[in-house]
């Protein structure tokens, strides 16, 4: 459903992406791997129109949305859990979840079931949450837009191991319900447990891609590109 | 003395309500869109000129008011589109400079269109006259009507911002525009709406004072600073703050001017009291603001942000 | 550093008026009044005439600069203006010290009428206190015992109340100074309502006056006589309209004064600007007439300053206000009237003479003037 | 005597007790890790140690001196430096300037109005030294805002080093770094160990168990266990509250 | 409050370009008396002196506004202190320029220390408004000062004297003294910006929390800068009073404070040359447009908006793009 071809992008004069090709089919879980600063977040920002790409195309269900306004991209079915959480500090937890929600499968109750901690803190202001709580809220907020493709940029950063495990469980569940997921994370091992395909980028270019089976079969991929 | 006190309290309330109507738009645009709009005062002026024109055309205050509202909305949308929108991503000082330019343009434009002499708007028949209060004291019905209308609008705004989805989005957009947009909301449209609403409120305020005050080119400026004082005292972005701030400023100002010299006479001789009173009266609002900000640097209802 | 006048045979006059901001209406009237005379006379003093119009923006420092520019760069022979006393204070020295003649058509500060009078400085309006004294005399004559006084909190405001008290010896119900530029007088009106004085005396020029007058009638206070100076006049009447009817003021002239010069002036102004002229226009009109008369009498020779000044001092022209002459301090000696706002047959509003209060009235500072 | 000693620290936000009677000792040269679930109050605790947040009650002392009432800046001068969980640098300064400013803060007065600071050799040398230790020397002339996330974390470290701390408070220095970069960072910290005491907050258990001399576990504002890595790893309470089974394995 | 200044990262080419712009401006000023003689227009010197005074004030404001993110909306008060220092001392027969400046600086330092200490509790727009409040208090104080004309202000009997001589009565001398003061203060300000103190100030603008965390509490530095700026501005006030030979509370109205901000932003904030350029351009433009049409304000407004929309870093930004474009 998401199809990215030849995407290039730059921050001012410094070019970051040099032609990214990437696609995610319905119900598929794809990971975007790469070391720090290789352009993963930049790829996501370009897809969402938060950064205007300098070239290439972004299509969602065949519709060309290259460089479109972010709300149009989101409206086409993408839900974003951004790097650095970016929750709304002056809204309560509950309002954070409701503000941008759309009708669908995910409801407030569903999110609270998924993250009981958020229910406890539902009247807290966003800026009064711990780092981990904010992360949960960011995921919940994206789900509340009922996307068909969830994009998670470092969703488990700064999370305690137990919570991190919860998130993996949650993603696995989303997958089983037929949702497509594009996920960026440092924990390659955890990702291989449920992802279908992997795309590795280095210096703004795709340098390797393959299925989970491929990655397990060629252990040097991890060494060469990810150094784990 | 108590009669005078009650009368002045009413006067304070009426001025406060008026300030609130103007300040509400400013604080919304400021708090939510993070735009410092110096041209907010001229919107107030435009409201007055619009009703003066429409009332003269139709011969009726009410018809004038009715025509003024959509016209004001259009003015707001046009200004937003032409000047404000390119400034969203810019620093506050750039906004100050550009909207300062806008003030000059509008002031001069109004002078070209309507001339330098003040215009006047007749008081609507229905609301003219005074009702007796206590003893010989009377209070103009029109001013009571202003108080009532302002209270109604205040309540409506409070509900809008704090208890509706639109309100949530507004507050969310205030801190992170990009993220709201990435979650599927057309923030541009939302902001246009906020600005137009703010413009409408300011124009409305200008329109309803037109029958009491003269309509002239300086009216926007004189009210602008006072409005900023109100917004800052109340805390930027807070509707409740704007309301309390407006009432506080108005009542302190009104009562202070009347009773300040009287009180001073208790502590110093009459001529010195008169002198000091005269010096302090215009400072009163500023002293109030400085004192409040000293105690609460983020205003009465502001969020502390570092 | 006295500048020699350019003897190029052209009469150059600089007008300094407040043409922008809230008080623009006053300056506009004055400018229009002056230009009306120029148009009627064509060549003032028989010389080709060049007029330079300056907007002082009611900013004294800017005005001082502009006045110097008129004198140093444009080398004008006369500077005419301004409306406001503080502007006069700023331009007086830069203009007069160069020997250029300054004619004030409105501001008549007491210091320049008294000890600091100046041979290069003429006034076609009045000494500031005089209109207030008219109202004081009227209040005295009516036997009021309890008058409420109100003026803006600045020098001219304080002067006005002192002027009133100069000729009024009755009691004072209250004395209130409002903020300069204040627009809402509800709080002061409440005090007036509470005190129920015999009369109100106020000095509220420009937009302040418009608001006060409208709010006065809205507050239902019209039963209390409203005495004023520079508050109810032809610059504010178009805005206050009916609300001002019957309110009283003191003035040195009114549009309905019956004489030929006045008829020429008022009709000419109405025809040219479709508005009723006020004193601001009349006094500026007279300044142009004054220059015309003086330059004619010296035969167009602008270089002999002493002769020119003497000619000016004679004030040999027909003023719309009738009797007009200069005192030793170059301030006018003239009649003063009680005037009242009324509606004209053509639907416009004007002030009209009620009665003469002072005849050939000289200001109180002239004796201190060494000239 | 312990270098940094915390006694009965309490902090409430309304009804929420974020820090509940926390006591803690850090010995000279020791690396003391604090772990705990999200929202346990770790960052809040660091905030109270560094002076950014005022505790409701309890004391913090450094080298026996009570510093509870001291401002953040004063504490830095006494030898208590911190890095931030969310990167906090001077974005428009160069990397070198960021660090040089920290050096300037501890060496001599900043009320010098005339001598150009850009050419003050001692400042730049000391700053460069800190950059070398943080592995950022090659980026010295780059604007700080242009650094990648991992580099930002290293800059945070360099700035903290430049203040020459006796105790260094690190709030999740590894957050957002992975793989090789994380390994390199761990090595860097290991090299620094012993020069000063370190209080480390980290969710990366690999790093914590590799580096820590002692670990305290904070759960809902309370320290439920404190001890050597081995003790903590096998503490059933800790496993239940935080580690789960996966990591401990 | 976000204040976006051009980067402080050292870019040698641009830094020197700015110094060149400044030198160019100074050279232009220095030649003005010559132009006045050639064109037989003595009035040029008066305009020039006024522009110099505002250039000093704008530069002083930029020191805290551009480098310290302290947007003072009450800075005209210091213009007023400078101006009234001249008027008040004159009325007591003290006419020496250095004494006038000393007195102005002393009063300004006192006022800035007290109001600055209170204002610095606040940030951003709150800071703007609280400085406005203090500015207005000063304004109304002088309005009520009847001894010096109150609202009307008062003309000066003479200009300040320079070491006992009345040399300043000559417009040329007055002009060169003002120019010398501007250059001297420009050098001082430039040195301050590049000093240890300046770096702390700029760092505080960027990230006050970080400054605390390296052991520098911003307050003392910000307050010091605020006082320095106020004192510099009062020097401009002394010049202005002498230029106009008139002082009035109008010098210190909030409009004037706003105009100073406009000059700084128009020039391009966070660089001293820009502030000077902003003052020059704003005042010249005002003069020229006023000659063109009575409705010059409309044109000026359009100019401001176009500048903001198309030249983000003000005049210096535009000049820098121009010079870079040609290389």
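Per-chain residue numbering starts at 1, and chain names A, B, C, D and E are given in the order in which the chains are listed.
Operating definition for what follows: a contact is a pair of C-beta atoms (placed from the backbone, for glycine too) under 8 Å apart; a residue touches a chain by one contact, two chains touch by 3 or more.
Just so it is clear, the structure is predicted and the values come from calculations on it, not from any experiment.
S.K.: By the touch criterion stated at the start, how many steps lie between chain C and chain E on the shortest route?
M.R.: 1
S.K.: Pull chain E out of the set; how do the leftover chains group by touch?
M.R.: one piece
S.K.: Determine the set of chains touching chain A that also touch chain C.
M.R.: B
S.K.: Starting from the Cα centroid of chain D, hunt down the chain whose centroid lies farthest away.
M.R.: Ranked by distance of C-alpha centres from chain D, the top chain is C.
S.K.: Report, in whole Å, the distance between the mean C-alpha point of chain B and the mean C-alpha point of chain C.
M.R.: Centre separation, chain B to chain C: 35 Å.
S.K.: Could you work out how far the Cα centre of chain B sits from that of chain D, in whole Å?
M.R.: About 48 Å, centre to centre.
S.K.: If you average the CA atoms of chain A and of chain D, how far apart do the two points sit, in angstrom?
M.R.: Spacing between the chain centres: roughly 29 Å.
S.K.: Once you find the CA centre of chain A and the CA centre of chain B, what distance in Å lies between them?
M.R.: About 44 Å, centre to centre.
S.K.: Would you mind listing the residues of chain A that make contact with two or more other chains?
M.R.: Expected reply: no residues.
S.K.: Would you give the residues of chain E that are in contact with at least 2 other chains, written as numbers and ranges?
M.R.: 143-144, 209, 297
S.K.: Enumerate the residues of chain C that touch no fewer than two other chains.
M.R.: 19-20, 153
S.K.: With touch defined as at the top, which chains are paired up in contact here?
M.R.: Pairs satisfying the touch definition: A-B, A-D, B-C, B-E, C-E, D-E.
S.K.: In the complex, go through chain E and note every residue touching chain C.
M.R.: 41-43, 46-47, 50, 143-144, 146, 149-155, 240, 243-246, 248, 250-251, 290, 294, 297
S.K.: Would you mind writing out the residues of chain A in touch with chain D in their complex?
M.R.: 14, 35-37, 83-84, 117, 121, 128-133, 135-136, 154, 157-163, 165, 186, 226-228
S.K.: In the complex formed with chain B, which residues of chain A make contact?
M.R.: 48, 50, 69-71, 73-75, 79-80, 82, 86, 88-91, 95-96, 98-100, 102, 141-142, 145
S.K.: Okay, in this complex, where on chain D does chain E touch?
M.R.: 50, 52, 71-77, 81-82, 84, 88-94, 97, 100-102, 104-106, 108-118, 120, 143, 159, 162-163
S.K.: List the residues on chain E that touch chain D in their complex, please.
M.R.: 5, 7-10, 191-192, 194-200, 202-203, 206-207, 209-217, 221, 224
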